[in-house]
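Following this line, the structures themselves.
Note that chain A is present in both complexes that follow, paired respectively with chain B and with chain C.
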Partner chain A sequence: MSGAVLFASADALLVVAVILPLFAVPVLFLAPSRIAERATVVVLGLSLLVALAIAGGVGRSGAAAASFIGGWRPPLGVGLRADGFSAFMLVMTAAVLLATGLFAMTTPGRSRAGGERMPPAFWMLLASVFSALNLVFLAEDLFTLYVALELLTFAAVPLVCLEGKLAQVEAALRYLLFALFGSLLYLLGVVVIYGLYGTLDIILVAREATASPGFVLALALMTAGMMAKAALFPLHLWLPPAHSGAPPAASALLSAVVIKAPIFLLVRFWLDLAPSTLAVAVAPMLAGLGAAAIVVCSLVALAQPRLKLLIAYSTAAQIGYLFLMFPLAAASSPWSALAWTGGALHLASHAFSKAAMFMAAGLIAEALGHDRIAGLSGVGRVVPVSLFAFGLGGLSLMGLPPAGGFVAKVMLLSAAVHLGAWWIAAVILLGGLLAGGYVLKVVVLALQRPAEPLVAQPVAHWREWVALALALVAVGFGFVPLEPSHFLFIGRPASWAGMVP
Partner chain B sequence: MAGLSASDLMLLAAVLVPLVLALAAIKPFVRRRVDVLLLVAPLPGLLAAVAVPLGQSVLVVPSPFRLTFALDLPGAVLLGGAALLWLAAGAYAVCYLRSDPARGAFSVWWLLTLAGSFAVFLVADVASFYLAYALVSFSAFGLATHDDTVAARRAGRVYLALTVFGEALLIAAFVMLAASVTEPNPLIRDAVAGLPASPWRGAILALLLVGFGMKMGLFPLHVWMPLAHAVAPVPGSAVLSGIVVKAGLIGLIRFLPAGTPWFDWGAGLLAAGLFTAFYGVAIGLTQRHPKRVLAYSTVSQMGVVAAVLGVGLKTGDATVPVLAAFYGFNHMLLKGAMFLTVGVAAACPRRRLVPVLVVAAVLGLSLAGLPFTGGALAKFAVKEPVGDGLAGLLLALSAVGTTVLMARYVLLLADVGAGATATGGSVAPGLRVPWAVLSAAAVGLPFALFTAVTGTSLALLFSLDTLIKGLWPVALGLGVAALIYQKPPKFVEVPAGDILVAAAPLARLYQHVRDGAVLLDTLLRRWSTAALALVLLALVLGYVMAGVAFPPHSAP
Partner chain C sequence: MSAPVLFGLLGAALSAVGVYGLMVGRDALARILAFNLLGGGVFLVFGAVARRGAGAGFAADPVPQALVITGIVVAFSATALAVALLKRLAALRARPGAAPAKVAGAQAEGTKGRVQPGGDA
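And now, the complex of A and B:
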């Protein structure tokens, strides 16, 4: 695990992945805004390359990459570690953020049609969110994770109220306060763990952990905290106003990747940290809440009068699928690997499709001047590429082939059927039906002939194509084979004995 | 991919060429050439059906994807029929939509539906079948709702709702079916081979029958069919009623286990099919528009096919699927031609109407199985496995019903023609020629296929016994039709979609559930509730874990 030669191995790149996005910040302070924007996008592009290099390294070596700050190993030092799942999240995040940057930047060659340029603050927040997310995916230490989560919250909340409208500020405050509750619970749990074991390194704690009262308490607190941050039903009060009120680029980023950070950590806690007896006991409860999220939030999405709210409720519903995965993945059966792969695939295809849908919705709103669903009749004629992106993203949500959501759904269904979890299979199918309802409702309206000719502002084609590219990536996930992914299992618990000093 | 033979390429081209054309139609200058698009697209499919040897199979992408194309006899029969109808209806559409500004969009839906319909007949692995099935189902929405009227929008909504529902049922069935095989994406054949031993065979069969039955329009899942088939532009109706419903047929042919008797399920399918056969006739007779009559006739005819497949399932007779496909082929061309006839009659000057009506009558009688027509061959082919018992009698009686229904169709057609305001000398050749060619093919082509499909000689058809068996239902039907014509009973037109009115309580229930969810959501999004919920969640999590970690001491 030598990280001596910089840029020589995936190990060394872990630190780079966390720091690199922040390099954009000084440029944003110093350079004129147009140049600064471009520079930020370049940094985002470089970060994607770093993420790909890490993933490549992890894939080639077949083992997790690790880096210890200052060469100090836990329990003294703090470690960064990328297993297959982390590397997967890094690449996904980098790709979505690069697309967000391309979407938000001033159109090359001309001034941005129908709107003014994004303020420098947006780009700084984007870079900070990126760095924080990478730290969440890589940190191996519970306190570093706390810092990363706080950084993420404080960078994400202002994105909601960038335009400074009253409703946005209200939504941002709601988001901030609830996220802080979550952090507080998490921090309490961390304190308890430190008191019990004298270390916060996940691997070391996992080795020591038994189902003691203190550990149970800590897990309960940390899990509840993450649920609040993940907006899992019934704790979703902050999500719809925050995700629907933000500017489209910010909505895309929040709904696609930011919401996935706490879910990533829940997976860490329950599949890596907690003893499996506890995981098996709690998993049905997580899945129950996930099922309630899918059913209730999808129904509420169907009743929404505005497009962005519909998409936001769809996010609240779709994260339910990731919780449905827990009982399937926690069961010790060969099918767990398939469920787990399906969950990860769902996470990624949702990220890409949801980002595409929020961007498309933003363009539709820009073209029409509103996003009332009742007034969308015939909008397909005005912004066909955007509508296509929305439809392709929706295809993935509905779980129809050839989209990524389809493969994920089939994997989860197969595992549910084999493990006899019929109610989970039923919820997956019902969720697909409801998603079909709210996606097709919009698409069908948009394909109709409008009653009166639509008056529309032109939108930048550049940005429509960014949305479409994201949707096409979501569809591209439909071409992964229907079997457990080896990459996602690199460095997972079974093989991490060698990682501990 | 190296070493593809000419046959392999033909199989691939059947699906890929229409898809590539659909993609190319993004460019406006391609989209403007509707004539080229619609006429070229079905040709590779036709070629594949005729020139590729049966049993040919090509692994397009190897395991774990296992995308496989294969041509078997039922697939070839349906593919050939579909290609012919796509070609004729496409030629017809070029003229029919000449002055429609949205014909470019229509042709994109057309190409996508066409590609999907060819693919369902050709693909041999489960995942590709699901993809092809979804493609043909969802693209057909664009054909049905092209006119964008209030009725078309309603039909589109009903169709989409049932389609999404059907997809959910089928994916559940496919996942359970594939569970018996270790391959990630098995061939349909291998997956179905595991069905008899599957612990969930009952559930799988039920899901397959309901899912595919919906596409075929089995009662009570037929409600979308009269709505969608009647509102589409004429060539669109022809392919919807002729070809798209056959996706359900090929589904049952491919996924029902052939050669294993399943008495109860077979009897159930037989009963459902026969009931649908009569139900379609009964409701169809009350209709006042020829297109709706034809749509209900399709419901009835698909009931007959389902009944035949039910017999095959009941007895485990492995020859039945091919015969059902042959019946489907016959229906495909006849129904397509009859829909085109509606458009021709509407464009026909009054004095030239009689020949059109004669052709319509011949097509109708062929559908009813009049001897010396192609339809008689189809009826004869399916009569063999059904036998002479009660089921056979009911099948013959359904032909009586079909005759009456077709008489109704011809009479309504005469009204359409009489009401038409067409001026000028004759119907445009662009409509007339494809219609005439298709009509001739519909009545004649079954003769060419009969021996290949059934393995019996054509001479058998001309025995006196067979002729009488074929003739009496038609004669009886004509008699009944004449009686009804003499003294017309006061038919109340049943609104298209008939029992859909019964779905109103369901719609209300959905409204209530949705409103309830919205109310619950409003309540949960209050600060007080959410904060309480967060604390409660933490407590419950702790409690659940404590229950496992520290089980209460039980008494010894």
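And now, the complex of A and C:
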């Protein structure tokens, strides 16, 4: 496969992006586990190349890539479509999942040190999550999205209870019931839209949509469904036990990317599908819930006795920032474009930093045999690289320079101030302060001199470096230019044209 | 009242019962059943929506029927997964010395080699 061929046909690659990860599954059934897991990592790497090729194609052509299965166009056919935002999500997901695969892989050269082998089921679920996520990002049809969301649920839920312990199975069942409730609310909304417009293609619906009561009802149902799946306060109760109970590699991918799929769809619904007058009217409600999530979940995170629970509550809090973006991005002003870029950047930097933090927490727990925060004193001497990764990830969450979280928050803050949304600016600042509280609580303790010498198991350096690499990417996002991204606007609705200065 | 309207109203009523059960139900099995009621309601409404096709001269719009069948398959798989988890949960709770239900903590042992049937250390 030469680069020229890849870049020439981003359209054809859309189907490949969805199918390719699934090629790992038969290998996992047939080959011995060590070969199979390496083959899976190779497939993850190829998928990253495909995602990059799609992004390259979209960026070069300046228009969305689209593929219609069997050549049948909507309303009868079902299409896949990658605009700038989709391509951005594809690349981010592929990068995080490749890192997760490298982290979970048996350490090269040594079979014992650094934890035991992940079960083949983990790798199958990883591949399935990847495929389902890519379908969520690419599907253009509301019913295809329903199927993609369910596939994502079915692949993500078993990741929570891989080890089959009581608490994990409880968490998985609770997660499943929340997710299924969300899916059916979404489907009910889709049914109402079909009843109104007779089509499920997002672009065709967006062309027809008016703020009629039926359409408002449909969007309300779909939004409520996505909120349950995204664990937006007050529907976040399923997230902490599910994300903290899973093995570290699974926690990382659940918290970093799986949770972003429903948020991606909310962006689609409110910024692509809904008429802008409706979006402007409803967005403050979403932002209000986001603000509550930031404040409440950060405070709860501060009180957590265990490291992984703290990180899981921090995810529930950080989700809130993405909802603060809606009223800023929906307002028709040049500053909306900046808010929207900031939101997307926050989404990506959170994905990388949160994956790094969950991996680091897993390594700390592996080294010490527990993850009680009170017992972390001096752990910085045992696993310095992991602690550095945790700290760098935390830097991005706090929004300190030069991390990606800093630039994202500066963009959101400038937009909030220029649009006169002072309460949003206040919440952003308060959230950064609270994040500083719960990150420093851990880091300060870990850097202390331990009261008695720590007895620690060795952990694989390989895994520590994967966590650090992810954290460095999150920090690296801090070097993107402080201006609206043109790439993210490729293929967006016409109402957005001209907003990028 | 025409048949589609009747079906639509029945679907709405079923959905309402399902949502109620999912939100207030404490027992996991009751909530799985409520999920199925809600699913049944949604599919009924979807089927009733097919009457739109009559306006275009068709007897009915066939697309919703196809989508409902897909939806039923998905809902069935979801139920199977939920029931499997519930059965495992019941088996784990029945074991002697099983800890009472509480929020999952972190793993002390890192990752296990295999999916263990109830390896609660």
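Going forward, the second predicted complex is superposed on the first by the 484 of 501 C-alpha atoms of A that agree within 3 Å, B and C clash if a C-alpha of one lies under 4 Å from a C-alpha of the other, contacts with A are read in each partner's own complex, and residues count from 1 in each chain.
One rule holds for everything that comes next: contacts are C-beta pairs under 8 Å (C-beta built on N, C-alpha and C of every residue); 3 or more make two chains touch, one makes a residue touch a chain.
As the structure is a computational prediction, the values presented were derived from the model and not from experiment.
Visitor: Which partner chains sit in contact with A:320 here, chain B, chain C, both or neither? Use first/second/both/neither.
Guide: neither
Visitor: Kindly classify A:491 by the partners it touches after superposition: chain B alone (first), chain C alone (second), both, or neither?
Guide: Neither partner.
Visitor: Just chain B (first), just chain C (second), both, or neither: which does A:482 touch?
Guide: first
Visitor: Classify the contacts of A:181 with the two partner chains as first (chain B alone), second (chain C alone), both, or neither.
Guide: both
Visitor: By the touch definition at the top of the document, which applies to A:224: first (chain B), second (chain C), both, or neither?
Guide: A:224 contacts chain B only, not chain C.
Visitor: First (chain B), second (chain C), both or neither: which does A:194 touch?
Guide: A:194 contacts chain C only, not chain B.
Visitor: Just checking: does A:84 make contact with chain B only, chain C only, both, or neither of them? Give me first, second, both or neither.
Guide: A:84 contacts neither chain B nor chain C.
Visitor: Taking the superposition on A as described, I'd like to know which of chain B and chain C A:432 touches: first, second, both or neither.
Guide: A:432 contacts chain B only, not chain C.
Visitor: For chain A, what residues appear in both contact lists, the one with chain B and the one with chain C?
Guide: Common interface on chain A, chain B vs chain C: 181, 240.
Visitor: In their complex, what parts of chain A are in touch with chain C?
Guide: Interface residues on chain A, with respect to chain C: 104, 115-119, 121, 143, 146-147, 150, 153-154, 157-158, 161-173, 176-177, 180-181, 183-184, 187-188, 191, 194-195, 198, 240-242, 244-245, 247-249, 306-309, 361-362, 365-366, 369-371.
Visitor: Which residues of chain A touch chain B once you look at their complex with the stated criterion?
Guide: For this pair, the touching residues of chain A are 178, 181-182, 185, 211-213, 216-217, 219-221, 223-224, 227-228, 233-237, 240, 277-278, 280-282, 285, 295-297, 299-300, 302-303, 398-402, 409-410, 413-414, 417-418, 425, 429-430, 432-433, 436-437, 440, 444, 447-449, 479, 481-483.
Visitor: Going by the contact rule at the top, pick out the chain C residues touching chain A in the complex.
Guide: 15, 18, 22, 28, 31-32, 35, 38-39, 42, 45-46, 49, 52, 61, 63-64, 67, 70-71, 74-75, 77-78, 81-82, 85-86, 88-89, 92-93, 98-99, 101-120
Visitor: Okay, in this complex, where on chain B does chain A touch?
Guide: On the chain B side, the touching residues are 64-65, 127, 130-131, 134, 138, 142, 145, 148, 153, 156-157, 160-161, 164-165, 167-168, 171-172, 175-176, 178-179, 184-185, 200, 513-515, 517-518, 520-521, 524-527, 529-531, 533-535, 537-542, 544-550.
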